[in-house]
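Next, two complexes with chain A in common: one pairs it with chain B, the other with chain C.
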Partner chain A sequence: MLKSKTFVKKTRSGGVMKIVREHYLRDDIWCGSEACTECKQESTELLKDACIESNLCSFPHYLVPDTNVVLHQIDVLEDPVIRNVIILQTVLQEVRHRSAPVYKRLKDIIHEKEKHFYTFTNEHHRDTFIEREPGETANDRNDRAIRVAAKWYSQHLKKFEADTDGLCVVLLTNDQGNKQKAEESGLLVYRFEEYIKSLIANPELVDRLALSNNDKNEITSSKVLFPEHLPLSRIQSGIKSGSFLQGTFRASRDNYLEATVFVQGEGEDSTEVLIQGLQNLNRAVHQDVVAVQLLPRNQWVAPSSVVLQDEGAAKDDAVEEGEEEKALKISAAEAARKPTGKVVGVIKRNWRPFCGMLNISQIKESTRHLFTPADRRIPRIRIETRQASTLAGQRIMVAIDGWPKSSRYPNGHFVRSLGGAGEKDTEQEVLLLEHDVPHQAFSQAVLSFLPKMPWAITPEDMAKREDLRHLTVCSVDPPGCTDIDDALHCRELENGNLEVGVHIADVTHFIRPGNALDKEAANRGTTVYLCGKRIDMVPELLSSNLCSLRSNVERLAFSCIWEMNQKAEILKTRFTKSVINSKASLTYAEAQMRIDDVTKNDETTKSLRGLNKLAKILKRGRIEKGALTLSSLEVRFHIDSETHDPIDLQTKELMETNSMVEEFMLLANISVAQKIYDEFPECAMLRKHPAPPPSNYDILLKAAKSKDVEIHTDSAKALADSLDVAKVDGFPYFNTLLRILATRCMMQAVYFCSGMDSDFHHYGLASPIYTHFTSPIRRSADIIVHRLLAVAIGADSTYPDLMDKHKQSALSNNLNYRHKMSQYGQTQAVGSQQQPQLQT
Partner chain B sequence: MATVKVSEAEKVYILHGIRDDLRVDGRGCEDYRHVEIETDVVSNTDGSAKVTLGYTAVLVGIKADIGKPKPMVPNEGYLEFFVDCSANATPEFEGRGGEELGTELSNTLYKVFNNKHSVDLKSLCISAGEHCWVLYVDVLLLQCDGNLYDAISIAIKAALFNTKIPRVHISADEEGGKEIELSDDPYDCMRLDVENVPCIVTLCKVGHRHVVDVTLQEKACSVASLIISVTHKGTITCTRKVGGGSLDPESIFEMTEAGKRVGKALHAPLMALLQQEESLGKKRQKVGFLG
Partner chain C sequence: MAGLELLSDQGYRLDGRKATELRKVQARMGVFAQADGSAYLEQGNTKALAVVYGPHEMRGSRSRTLHDRAVINCQYSMATFSTAERKRRPHGDRKSTEMSLHLKQTFEAAVMTQLYPRSQIDIYVKILQSDGGNYSVCVNAATLAVIDAGIPMRDYVCACTVGFVDETPLADLCYAEESGGVSSLALALLPRGGQIALLQMDARLHQDHLETLIEAAMTACKGVSKVLDQVVRQHLEEVSMLTGE
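Coming up: the complex of A and B.
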C-alpha cells in the first residue's frame, strides 16, 4: 500500500519547496514477541515471561517508552534490569533527530542481545501508520502514533492470553495529556518515575532518574536567584547587531565566582571577557557556548587574585553570597581592569557526565546531596539518592539535568559508580574519563588489520628495502621501555667523515591508510603514559613487538642517514626504508657506563662515543642560536614489579646520553620537516611553537623583580642568557623556579598543515621548521609524516586524504586536542601518585 | 498548430452540416464535447488539474514560490506561465516544433489571467515591496484535438481552485530585518478565490455561422476565430482574433454575444463540479493518468 508524506521546506535561496516522499506500508512486519504464534518471524527479541518485579504490574509485560522518556531517562534504560522493551520507530526517529549521543546509546542497547530491546517499525506497518490530521502538531501526531502502536500491541498480544498469564504492554510517558488520552483508549500507562519506583527489587534505580520538570518545582523554593536566560531568537539578533558577544565559557580553576568567555574574533583577534559574581555567571557551566553582554566601562573589574572554593555544607538558596563576592571587589589598579560582562543566555550546553565525589548532607534521612566534581571548574551538583551511605567514599559519575533559575546549584542524577576513592584503578578511570582519553580495548575491526603471526620479513620486502643489518645499530631508552621506536648508529667512513643514522620503526608498513586501525590511531592521537600504565595508540602486537626495534631481531625501519664531518656539519642527507638488526637495547644509564668505561672498546661503544661527541657539538650550536632549556625537574617512580604500586619516587636524573638521543631526534625531525616541506609545500604536517606575546612574560618579570633580578625577553636567546645568570645567593632553587615560571609563559606547540599557515618557526628549539618523525608508535602525527616522506622518496604510493590540506588541518586539530588532554592527564596522574608518597 | 488534412468533399460536408446546426459528431453549434476534470493529480505541485475535452488533454500544475514583487505594483504577487507542447501530443511538436505554439499560448494566458480582475493578486502579497508569492503555472499539452485555449483555461481555473499555498509568518527582529517562517503544519494553507477567474471560449467562423469547441476537422474549414475570455457573470475581459481570414463587425458582435452566453453556461457546472470533488476529501478515488 502506498501513502505519501508531504511537507514544505524553505530552500537556502529563500524559495519554497514542496517535498513529497512516497511511503510504503507493509503487512509483513512482525511483533517480535516469543509468545506470538501468528507472526511469521524467524527470531524473537521479546521474551514470553517478561517478568520484572513491580508492585504496579504483577503480570509479565513489555515496556513502550515514549520519546521524552528515552531522551531523558536513557541512564535508567541502560540498566541491565530493564529488559523487554519495545522501541517504536517513531521514538527512534525522534530521538535521532533531537540528540545524537542518546541515539547512539539507544542503538547500542538495541544491539545488546541480553537487553531484549525490539525495534518495531510502526511507521511502515499497515495497521499502525497514521497520517497527520488537520490542526495536529507534529508532536501530537507522534504521540498518537505511539498510542496507536501500543494499542495494536495490546490487542495483538491479547490473542495469546491463554498461555502467557496475561502478557501485555505498558506505555511509559511523562506527558500528562498523552497519558490521559492513552488511559481513555484503554491502555495501561504509567509515568516513568511511578513505574521505576514500583520496582521492588531495584530501589537503586530511582537515583538514576533524571529530574523531570514536575519534580524540579518540588525541590526548589520559589525565590528567583538568577536572571532569566534570553530566548535564542533574541540572542541571535543581539549577536548580529553586536550588542551581545558569543563565546566559550571558561570557568576559573581557582575562583568559582569568576570566569572568562573566550570570544573568537575574525582572523587572529579574539578577546576575553571577564565574568564575575554568581548573578553574572548566570548558570553557565564550563565549556558552554554562551552569549555575553558587556557591562558599562565604569563597572569593569580586574581579575581577582583570591582563591575561592565553593566549599562546606550546601548553601541555602537564599543565603547571601554577599561576603564572598565582596572579597572579589577589592579593587585593583585602574589599568588592570579588563572588559567585563554578564551572561545573558546559553546558546549550547556542553554538559557531559562528570566524575567526582558525594558530599553527604548533614541532615540525616535527607535524600538530597551535593556532588563535588573532580574538575574544579564545574559547579557542585545537587543530586537525589537514597544510597548516599554506600556512595560515600566512592568516585561516582553524575549527569546534569538542568539548572532552574531558582536554584543555587544545578540539578543532576547519579549515573554510575566508578569504584572506591583512592583505589588505583578507580583513580585512573576518573583521570581518563575527565581528559577524554579513549581507553577502551581495541575493537575486533581494528585488530583484524594486524599482521598474522608468526610474522617474518618477506623476500619482497627485502628487495624493496636497503639492507642495513650489518650496521652496529643500538637503541637507548628509559628503563622498562617496551615500545622502542628509535635506534642509532655511527661509524667512521674511509674519507674520515662520520656516517650517522637514525632508524625509526616503520609503523606505516603495518598501518595502511584508511583502514579501521589507521582511523583508530588517528583518533587516539597519542599513547598516554600513566603511572605504571600505558594507554596504547596502536595494539600491543605492534607497539611492543613488530614495530619495537628490539635487539637481535630483524625489524623494518625508516632510516635517516647523514654524512657529517668531525665538526658535526651535515654534508649529505638521505632517507631510505630499510631492514635493521639492533645489536643492543640499552638504558640511558647503561649507555653512559659504556661511554665512560675506558676499558670497553667494542663496536657498539665506539659508535656511542662517536654519537655522544657529535651530540655535544650539535647542542652547543643550538643553544648559541637561542634554543631554550626550560626542562624543570621531572619525577620518576619506582614501581613494584609485583603489585605495580609505586614504592619510591625520585627526581629524574638527566644524563649525557639523554641529551645525546634527544639531539639526534631533533636533527632527524628538522631534516625530515625540510624534506617534506620542499616536496609538499601545501600539505606537509609540521609542528610550530609560536613566540609568546610580551604580556605573557608579566608573571616571570614580576617574580624576578622581587629578587632584583633582571630578565630580558626580547628574543629566545636573550631569555636563555638572562635565565642562565639569574641566580640569588643562598637561594639555589630560585633559578629552577624561574625556569618553571618561564615554561608557563610559553605558548603551546601545535601541529599544523603547511598549506594553512605561514608562520613555521619553532621558538623553543630555535628552528625555522620542525615536525615529529621519530615516534610513530606513540604519536599519530609521525605516521602522517612517515607517509609524506615515503611518498617524497618514492617508497610508497600516496592517497587523496594525504594531499587534502583541509583534512590534514582537521587531523592536526584533533591531534593537538588529544595531545593537550593527554599531557594534562599525565601531569595529574603524577600529581595524584605523588600525594600518597609525600604523605608517608 | 496541429492540423489535419481535410479533402474538399469533407469540407463541403462539414460546412453544410454546420449551416444546418448539426455537426459531424452530432453536436449543435454551441455545444461542447464531453469534458472530464480531475484535480490534485500531481502530488509535488501546490495545485494541479487534468482536463480532457474530447480527445484534447491538458495537464496544469501550479507551484508557488516566494519572489520579489514587481516595482510598479509592490503589493501584488504575480503569475508566470509556461506552456510545454509535448511531442506526445503530436509528432509536429518534436524538437523545438512546439515552441512557437507554446509562446503564443502563454502570451494569451498572461493577458487573460495575470491581472487583478481575474485573480486576487493582492492576496499573494507577503510583505509589500519585498516578498510576494509567484505562481508558476505550467501547462502540458498531452493530446491535441482542437480547442486548446478552452481546455487550458478550464484546467487553469480548476488548478487555481485546487492550489494550496503554505501559510507564512513574518517575524521581524529589532533592526527591521524580516525573516519568513513557513508553517510546519501541511494542512495550514491559504486558498485562492477563483470566482472571478475567466474561462476562454473560442468561436470559429465556419461558413456563415460560428461554432464553439471545434475539432481539428472543423478547424480546417474555418478561416478565422475569436478568442473571448468570459467571467461567471458574463463579463468579457479579453478578446483576440486569430487566423488568417477576416471577420466583419457584425459577425464579431454576434460571436461575442454567443461567447458570453456559452461562457456563462460553462462556469456554473464547472464550479459545482470542483466543489463537489473537494467535498469528497480523502474519500475521493483518484483516477490519475491510467484510469
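Coming up: the complex of A and C.
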C-alpha cells in the first residue's frame, strides 16, 4: 500500500518548500513474539513466558516504553532484569533525534540477545501507521502512534490468549495526558516509576530511576540559590551580537569556586575567561558548553592561589559560603587580573556517569545522600537511595539528572556499584572508567576472528614471505614482557658493510581490515598498562602468543632491513614480509651483560655488539641535529609473584641497551614514514610533534632563573644544549628536575593523516617526518601503518577506508584521544600505587 | 542528530522499502496520437513522458546522415514544476545536454539502427516530476515509447540506479537517498543477454564494492524489465481488442 507524505519545509534562504515523499506501508512486518503463530517470521525476539514479577501485573507481559521513558530511564532499561521490551520505530527515531548517546545505548541493548528487545517498525506497518491530523502537533501524533501500535499489539496477542496465559502489552509513559487517553482506549498503562516500584524481586532498581520533573519538588527547598539560565534563543542572539561568549567550561582542580571557560576563537586566537564564585559558576559542570558574559573591568579578579575543597556534608546548603568567597577575593592580587565573567546559560551539558564515593548523610533514616566524584572538578551530587549502608565504602557510579536553581548540588541517581573502595580491582575499574578506557572482555564476535589453534605457518604463507629464519635475531625488552613486538639482528656483509634488521610482529596478517577484531582494536587504540595489569588492545592469543616474537619459535614478521657502512650511514633500505625465528628473548640487563662480558663471543652477542656500536653513532647524530633528551621520572614496581601486590618500587634506570633498541625503533619508524609518505602522500598516517609556543617555557625559565641558570628556547637544539650545561654545584638532581619541567612544556605529539595537514615536523626527535611502526601489538596506529606499507611494497591488497583521508583522520583523532587518556590513566595508576608505598 | 538514517537496523529504508525493492512502477503506452510512439511512466514519484518520432528522413543538417544506419536524436528536458523549488530550465544547459547524450548512447546500443540507413529517429523525454533516478526513468519510458512506435530493438533497455550504504546496495534510489551522500551508480541493461548499454557513476567507490553493486543493479534492471514486459503485453491486448483481431 502506498501513502505519500507531504510536508512543507523552510529552506535556508528563507523560502518555503513543499516536500513530497513516498511512504510505503507493508504487510510483512512481524510482531516478533514467540507466542504468535500468525506472523511468518524467521526468528523471534520476544519470549512467550515474559515474566517479570510485579505487583501490578501478575501475568506475562511485554513492555512498550514511550520516548520520554527511554530518554530518561535508559539506566533502568539497561538492567538485565528488564527484558521483553518492544521498542517502536517512532520511539527509536525520536530518541535518535533527541539524544545521540542514549540512542547509542538503546541500540546496544537491542543488539544484546539476552535482553529480548524487539524493534517494531510501526511507521511502515499497514495497521499501525497513522497520519497527522490537522491541528495536531508532531509530539501528539507520535504519542498517538505509540498508543495505536500498543493497541495493535494487545489485539494481536489476544488471538493467542489460550496458550499464553494472558500475555499482553503494558504501555509505560510518564505523560499524564497520554496515560489518560491510553486508559480510555482500554490499554494497560502505568507510569514508569509505578511499574518499577512494583517489581517484587528487584527493589534496588528503584534507586536507578532518574528523577522526573514531578519528583523534583520534594527534594529541594524553595530557596533560590542560582540565577536562572537564559533560554537558548537569547543565548544565541547574545552570542551573535558579541555580548556573550561561548566556550567549554573547565572547573579548577584545586578550587571548587573557580573555573575557566575556554573560548575558541578564529584560528589561534582563543581566550580564557575566569569565573569565580558559586553564583557566577551558575550550575555549570566540568566540560559543559556554556555561554558567559564578561563582567565590567573593575570587577575582574586574578586566579586565586588558595586551595579550596568543597567540604559539603557539614553545611548542606550554602550558608557559610560567603566567608570562603571573601577569602578568595582578598587573595586576588591587583596586577594579575584576568578577564572575568559569569555563566548565563548552558548550551550543551556534557554529563556522563561519574565514579566516586557516597558520603552517608548524618541523619540515619535519610534516603538522600551526597556523592563525591573521584574527579575533583565535578561537584558533589545528591542522590536518593535506600541502600546507603551497603553502598558506603564502595566505589559507585552516579549519573546527574538535573540541577534545579534552588539546589546547592545537582540531583542524580545511582547507576551501579563497582566494588569495595581500596581494593585493587575496584580502583583500577575506576581509573579505567574515568579515563574512558574500553576494558570489557573481548566479545564473541571479536574472538571469532582469531586463528584456530594449533596454528602453524602454512606453505602458502611461506611462499609469499622471505625466509629469514637463518638469521640470528634476538629481542630485547623489559623484564616480564610477554607482548614482544620487535626483534633485531645485525651481521657483517662480505663487502665490509653491516646489515641491520628490525623485525616487527606481523599483526596485520591476523587482523584483517573491517572485521570485528579490527574495529575493536581501532576503537581501543592502545594497550593500557596499569600496575600489574595490562588492558590488551588485541586478544591475548595474539598479543602474547601468535604475534609475540618469542624465542625459538617461528613467527611472521614485517622486516625493515638496512645496509649500513661502519659509520652508520644508510646505504640501502628494504622492507619485506618475512618469517623469523628469534634466537633469544633478552631483558635489557641480560643484553647489557652479554655486551660487557668479553669472554662471550657467540653469534647473538656479536650481533648485539654491532647494534650497540651503531646505535651510539646514530644517537650522537640525532642529538647533534637537536633531538631532545628529556626526563620523566618513571618508576617500576616489584610485584610479589604470589599475591600480585607491589612490594617495592624503584626509579627506572636506563641502560645502554635501552637506548640501543630505541635508536633502531626510531630509525625504522622514520624509514617507514618516508616510504609510506612517498607512496601515499594523501593518506599516510604520520605522527608529528609541534614546536611549543614560547609562552609554554615560562615555568622552565622561571625555575632556571631561581638558580641563575640560563636556558635558551629558540630552537630544539638550543634548548638541548642549554639543558646539558645547566648544572648547579651541590645539587646533582637539578638537571633532572629541569628536564622533567621541560617535558611539561612540550606539546602533545599527535597522529594525523598526511593529506589533512602540512606540518610534519617532529620537534622532540628533530626529524622531518615520523610515524609509529614498531609496536602493532599495542598501538593501533601501527596496524594502519603496516597496512599502508604492505600495500606500498605490494605484499597486501588495499581496502577503501585505508585510502580515505577523512576516515583516516577520524581514526587518528580517536587514537590521539585514547592515547592521551591511557597516559593519564597510567600516570594515575602509578600514583595511586605509590601512595601506599610511600606511606609505609 | 545530523543526517537521515538511510537503512535501519531492521533493514528498512526511509520510505519503508527493503534494500532490494523497487519503487512502484506504473506505465501507459500510446498516450499521444500525433507522435509515432509515446509512453508515460511513473516510478514512485518520478514521472516522465517520452515521445518518439521516426524513423523519418534526415532533417536539419543533412551532413550528419549515416549511410549504414539511422541517427538517433535525443532530447531531455525537465519541467519547471518538476522539483520542489520552481526553476526555469532553459534548453541546452549542461546537465540536460549530458543526459541527452547518455540517452542517445543507450538507445544506439539497443535500437537496431542498421535497418534504417540514412534516416533519423527522434526521442524526446520530459521529466514531469523528479524524485530521484531521472536517468533510469527516462530510459524506461523511452523504451516503451520506442516499442510503441514499432521500431525494432534488440531487447528492452531497462535502467536502474543503485546506491551503496553500510555495505549494502540499495536499489532504485529516491531523491532523499540520492542527496543523502550515497555513492550511486546508474546502469542500463539489455536484460535477456545481460549486456550493459550504459554504466555511469561519478561518485567515489572502492573497487572491491563495484562488482556487488553492478550485480545488484542488474537484478534491479531485470525486475524493471518484468514490469515493462507486462505493460507492453497488456497494451497489446487492449489494442487488439479494440481493433477486433
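Throughout what follows, the second predicted complex is superposed on the first by the 602 of 840 C-alpha atoms of A that agree within 3 Å, B and C clash if a C-alpha of one lies under 4 Å from a C-alpha of the other, contacts with A are read in each partner's own complex, and residues count from 1 in each chain.
The working rule: contacts are C-beta pairs under 8 Å (C-beta built on N, C-alpha and C of every residue); 3 or more make two chains touch, one makes a residue touch a chain.
What you see is a predicted model; the values in this text were computed from it and never measured.
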{"item": "Contacts of A:S241 with chain B and chain C, given as first, second, both or neither", "value": "first"}
{"item": "First, second, both or neither for A:A138, with chain B first and chain C second", "value": "first"}
{"item": "Chain B versus chain C as contact partner of A:S233, first or second or both or neither", "value": "first"}
{"item": "Touched partner set for A:G15, first chain B, second chain C, both or neither", "value": "both"}
{"item": "First, second, both or neither for A:R96, with chain B first and chain C second", "value": "second"}
{"item": "Residue contacts with chain A in the superposition, chain B compared against chain C", "value": "C"}
{"item": "First (chain B), second (chain C), both or neither touched by A:A463", "value": "neither"}
{"item": "First (chain B), second (chain C), both or neither touched by A:Y24", "value": "second"}
{"item": "Set intersection of chain A contacts, chain C complex versus chain B complex", "value": "4, 15, 18-20"}
{"item": "Interfacial residue positions of chain A with respect to chain B in the complex", "value": "4, 6-10, 14-16, 18-20, 132-138, 233, 237, 240-241"}
{"item": "Chain A contact footprint on chain B (complex, rising order)", "value": "43-46, 63-66, 166, 171, 173-175, 177, 180, 182, 184-187"}
{"item": "Touching residues (chain side chain A, partner chain C) in the complex", "value": "2, 4, 11, 15, 17-26, 89, 93, 96-97, 100, 103, 107, 110, 119, 121, 123-124, 799-800, 803"}
{"item": "Chain C residues within the chain A interface of the complex", "value": "1, 5, 8-10, 12, 14-17, 23-24, 44-45, 84-85, 131, 174, 176, 205-206, 208-209"}
